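See the structures that follow.
There are two complexes below, and they share chain A, which is joined by chain B in the first and by chain C in the second.
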Partner chain A sequence: MTTAFLRKLFNPLLSGYGALFMLFLYAPVILVVVYSFNSNPVNLMIWDHFTFDWYINLFGGDTPLKDDISYVDSTDQLLAALGTSLTVAALATITATVLGTSTAVAMARYRFRMQGFYRLLLFVPMVMPDIVLGIALLIFFVGAGIHLGVISIVIGHCTFLTSYVFIVVSARLAGMNPLIESASADLGANEWQTFRRVTLPLILPGVIGGALLSFIISMDDLVITYFISGVDSTTLPVFIMGLIRRGIKPEINAIATLMLVFSIVIASAGIYFKSRNAD
Partner chain B sequence: MSERNSAPDFLKIKNAMRHFQTPEGSLVKALDGINLTIAQSEFITLLGPSGCGKTTLLNIIAGFERLDSGKILLDNSPLLELPAHKRPVNTVFQSYALFPHLNIGDNVGYGLDIHGVAKQERNKRVAEALEMVGLQGVEKRRPTQLSGGQQQRVALARAIVNRPKMLLLDEPLSALDRNLRMKMQIELKNLQAELGICFLFVTHDQEEALTMSDRIVVLNGGKVEQVGTPDEIYHRPASRFVSEFIGESNIFSGTVSRCENGLALVNADGSEIVCQSQQLRVGQPVSLLLRPEHFQLVAGSPASGTSSQAMIQARLQQSVFIGRDHQLHCQMANGQPISALIRSAMAAVQPGQAIELHYDPAAVHVIPAAAQQSADEEAA
Partner chain C sequence: MKSFSRQQKQLVLLLAPATLFLGIFFIGPLLIMAVYSFLEPGLYGGVEWNFYHWNYGRVLGWADGFYEEFDLVYLEILARSAGLALATTLLTLLVCYPAAFWISRMSTRGKALCLFLITLPFFSSMIIRLYAWILILRDSGFANQILDALGLISEPLGLMYSSTAVVIGMIYIFVPFMFLPLYSSVEKIDGKLIQASQDLGAAPLTTFRKVILPLTLPGVIAGSVLVFIPSLGNFVVPSMLGGAKVVMIGNLVEQQFLYARNWPFGATLSMLMIVSMLVIVSFYLFKVMKNQPQS
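Up next, the complex of A and B:
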């Protein structure tokens, strides 16, 4: 009876706490989205009235806004940064997915010397401070005479994205009955045929999940990219960082909202693929 | 049954050795010098307790494991040089190992697809194989939509559709319930006769082995204990291990005290057992086997019929009704337990009662002392 009473008392409290926690997590993000439609050009915390002007301004459209309140001098610069980001993310994702998947398969299916040590090495890039990795890569590229540009950023991103793909694909491989591959060999398939017809289809949700994760992380990375991007290869996060140095202006809300929408789309695709193949 | 086999030495295993290293560093002999010859269309069973090496031997023939030393010839060509995917054998796995992402038709057709069999013939052969295992029209279903017994049949169809020279079955029935298992035993036996290829069946279930096999290979500790027909294995076990592992047994150890008229009298710890044997000498230590069904029950005073010498006096401890028969758990005067199977109608005795268990001296089997030697000779 006492338990029932306590439960009656605490259940609403617990629900209230849960709601507050979610609010704490998402309120800042929601505010950014809301204020991206606020027409007040001076103080972005004071709601004036609804407008699409910031978005229109971003893409170079004519707005009643004065030039000095907008960040983006030219839409071309913004789009160039976005283009660089997409190129880097695409190349890094493909490379990291191939490397990470093959590493995971090798780790799961073969036994070799110092295997445990190699496995440990694969986790290190994820826990290494970004700033250390960024500086190390910069010193390496300069020392090796590699031009800082899209290629250097792709190489840099692959160093840690491979680890993410490795972990996601390894989890999928761990849940797979290795006898299924033996059965494939028994029925006449060589190792490549077995990989192509049995292993890859079964780990595909993990591979796609790892690729999408890589894509988002690559698009979003600031610290490491900051060190290894050249003058002609600014990514979107580095570009935005440069803008903010000149003070916070309402336009940043519009950029943030667009990036948020983009991330949600990618994450939703990931969840969709995961659920579709969950058998 | 095994007389019709066209090639008596279709699969030859010569001195197969395989060691495993335990995590503690000691060596375990999984296969300790196996010699075995299997005929072309034989149903042969590898029988033994877990850890006897039976699955290791099957995996080596399939190509999933390697041999430390020794030779295996299949159809007169060396098998061990070929990788698993080039061997003309197919396996039915204990866990079925069906491809979860493919439907039943594609599972069964997998081997044919790999070998590039034309679509039309492929579909025809898939349908034939499924019909053979009694599963028509399930091509479009997923493995998870089938019951365990049906998945078992799919695994079987997937293996035989490739027309292997030899089918390897790794305890394929162990996950099925009893009734289904007995039904599948008969079906497997019929399928083997129909296909006329060699079935190498691995099991730890002696009943299963006795039901299905043309010949049984009893393995223990990586060595062959005995090779023989189910009848030989059951009635003339070559070693104490075989007689205890197969069926229920009463074993009497003692020394021969008297020999006359082809009968030998063995003194086993105070009680005397008569057996028919020409080879035994007085003073020789010997082990005798009597199966529980070889006894007839005579309660109280001696009765007429069998020779009055060929009986064991015992005290009934417990009588268990098991259907047609009663199982009697008794104890001899020297304390040795003894088990007898008596028709229920004849088993009107009470626990604690003194009884006489009569037997035919011809039914007593003398277990050879040098068991390992004779098993090796038979295999070579």
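Up next, the complex of A and C:
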């Protein structure tokens, strides 16, 4: 009797819990977005009225609120950080995509003795605590006399992005019929032609997926970048952490909202790609 | 024979870029860091190339007070970090487990939508997600405003700068890491097995303990390891939400590198962090494996 009663109660309880779970995930973020339109400059969490002023301030516009409380005092710095982030993410994505894809192809299409070692080598960077990798790279760059800047950050990002590309492309390769490549060879194509005309087009969705993932992770990386960025090469997350550490100001809500929109767009694009090639 | 060597050449060509890159920029730096942890700190931030085990002695107890002084505080911080990471791992598991079941019972479309919604935060900036919790938890923040408006509190609860805040922040950040492996094993459970267990008269709790839990164990293990490791080494969450009050091992490493400029000691601390991670993770795996009922 109690069992039947419990079972009856179970499903609504589970759904209720699910709703709470989603609320936990999304309420904090939605709060930031909503309050980025709040005009109260003193207490961010007390609603005054709707305004776009923080966004206008952010891009160097003049608003009445600006005299009251201006925080992101130099829009230039913010834009420079954004520029650095985009440059780093683009360069790191290209490099990591080449490294990860070629390794994935090697692992999927050849049998060799060191395969276990390579699997480990590509797995460890993903589970390595980022602070350890960050300081190890810092010691390395300073010791080797490599200037801390865009190049050092790109190198740092590639050490772990390669693994992500490798995993995504490997998954794609595993789902592919190797006989197609044999057929191409039987029809007289050489290895390069087979790769270019057969293998690459088939794994392309995986490669693009891996590249998008790399791009997002690179744009978002905070810890490793924090240790190996120079004075003149602050990325957006590091810049924002600096802002938050100095104090909470309304403009940060606006920056946060813009960044959320940006990552949602890229993530949706990635998922769209994935679902499209599943058809 | 000729085609064999050609294949080998291709393989070398494919593997060379990543091998060189990771060899130089991943394995190399980690080895150098290990070496650094045994070097003597220089007077003004550099290093002296002498073998110097006192860095470890400072933390583990054999420093004699002449070269370096032993201070229990480092072990305390290490233990606190492990404790907070463990709490985060278990609570994240608790939060995600029912949710995984909830989603596994949905229609295909519902599943796809919910998985998308749960993965999405992983793609959005971590610092922004932490910032959201600062807005909620601080004294003039959302939580205190609501409680005040409801008349439940008369003065702000000191939610920020506490271990609670740090654990909440870490759970929030790491939910996708736990959820996805967990979900993939919950999803695979054959409903007939649960039905069979109930038909044979098992109470719901027994069914859970003897059937559901063992079947989802791979997901539980993978998720726990993926949450525990980044939690233990975390320094962003404690520095944002814990302030100066909750210092974790990651903050200590950051301090040594960026402020105290004692790089060898910083390297020592991160070596000890890695070792404790390996010890705790293997201990956990051992425990969990042992508790798994024989099938």
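Convention: the second predicted complex is superposed on the first by the 264 of 279 C-alpha atoms of A that agree within 3 Å, B and C clash if a C-alpha of one lies under 4 Å from a C-alpha of the other, contacts with A are read in each partner's own complex, and residues count from 1 in each chain.
The definition used in the following text is that a contact is a pair of C-beta atoms (placed from the backbone, for glycine too) under 8 Å apart; a residue touches a chain by one contact, two chains touch by 3 or more.
Because the structure is predicted, anything quoted here is derived from the model rather than measured.
Trainee: Give one word, clash or fit, describing how chain B and chain C relate on chain A after superposing.
Mentor: Once both complexes are aligned on chain A, chain B and chain C fit side by side.
Trainee: Contacts for A:Val198 in the overlay, against chain B (first) and chain C (second): which applies, first, second, both or neither?
Mentor: A:Val198 contacts chain B only, not chain C.
Trainee: Looking at the overlay, does A:Ala256 come into contact with chain B only (first), chain C only (second), both, or neither?
Mentor: Touch status of A:Ala256: second partner only.
Trainee: Is A:Leu25 touching anything from chain B or chain C once the two structures are fitted on A? First, second, both or neither.
Mentor: The second partner, chain C, only.
Trainee: Under the stated touch criterion, which partner chain does A:Asn190 make contact with: chain B (first), chain C (second), both, or neither?
Mentor: So A:Asn190 only meets chain B here.
Trainee: State whether A:Leu179 touches chain B only (first), chain C only (second), both chains, or neither.
Mentor: first
Trainee: Please state, to the nearest 10 degrees, the angle that the Cα centres of chain B and chain C subtend at the Cα centre of chain A after superposition.
Mentor: 90
Trainee: Per the overlay, which chain contacts more chain A residues, chain B or chain C?
Mentor: C
Trainee: Of the two partner chains, chain B (first) and chain C (second), which one does A:Val231 touch, if any: first, second, both, or neither?
Mentor: In the superposition, A:Val231 touches no partner, neither chain B nor chain C.
Trainee: What's the minimum Cα gap, in whole angstrom, linking chain B and chain C in the superposed view?
Mentor: Least C-alpha distance after superposition: 6 Å.
Trainee: Please write out, lowest number first, the residues of chain A touched by both chain B and chain C across the two complexes.
Mentor: The overlap between the chain B and chain C interfaces on chain A is empty, containing no residue.
Trainee: Could you list, by residue number, the parts of chain B that touch chain A in their complex?
Mentor: 62-64, 83-86, 89-91, 93, 95, 97-101, 110-111, 114-115, 144, 158-159, 162
Trainee: Give the list of chain A residues in touch with chain B in this complex.
Mentor: Residues in contact with chain B: 177, 179-180, 182-190, 193, 197-198, 201-202, 279.
Trainee: Which chain C residues qualify as touching chain A in the complex?
Mentor: 7, 10-11, 14-15, 17-18, 21-22, 25-30, 32-33, 36, 95, 98-99, 101-103, 105, 114, 116-121, 123-129, 131-136, 138, 140-142, 145, 172, 175, 198, 203-204, 225-226, 229-230, 232-236, 239-240, 250, 253-254, 257-258, 263, 266-267, 270, 273-274, 277
Trainee: Under the definition above, what is the set of chain A residues touching chain C in their complex?
Mentor: Answer in residue numbers: 3, 6-7, 14-15, 17-18, 21-22, 24-26, 28-29, 31-32, 35, 43-46, 98-100, 102-103, 105-106, 110, 112, 118, 121-122, 125, 127, 129-133, 135-140, 143, 155-156, 158-159, 162, 191, 216, 219-220, 222-223, 227, 237, 240-241, 244-245, 248, 252, 256, 259-260, 263-264, 266-267, 270-271.
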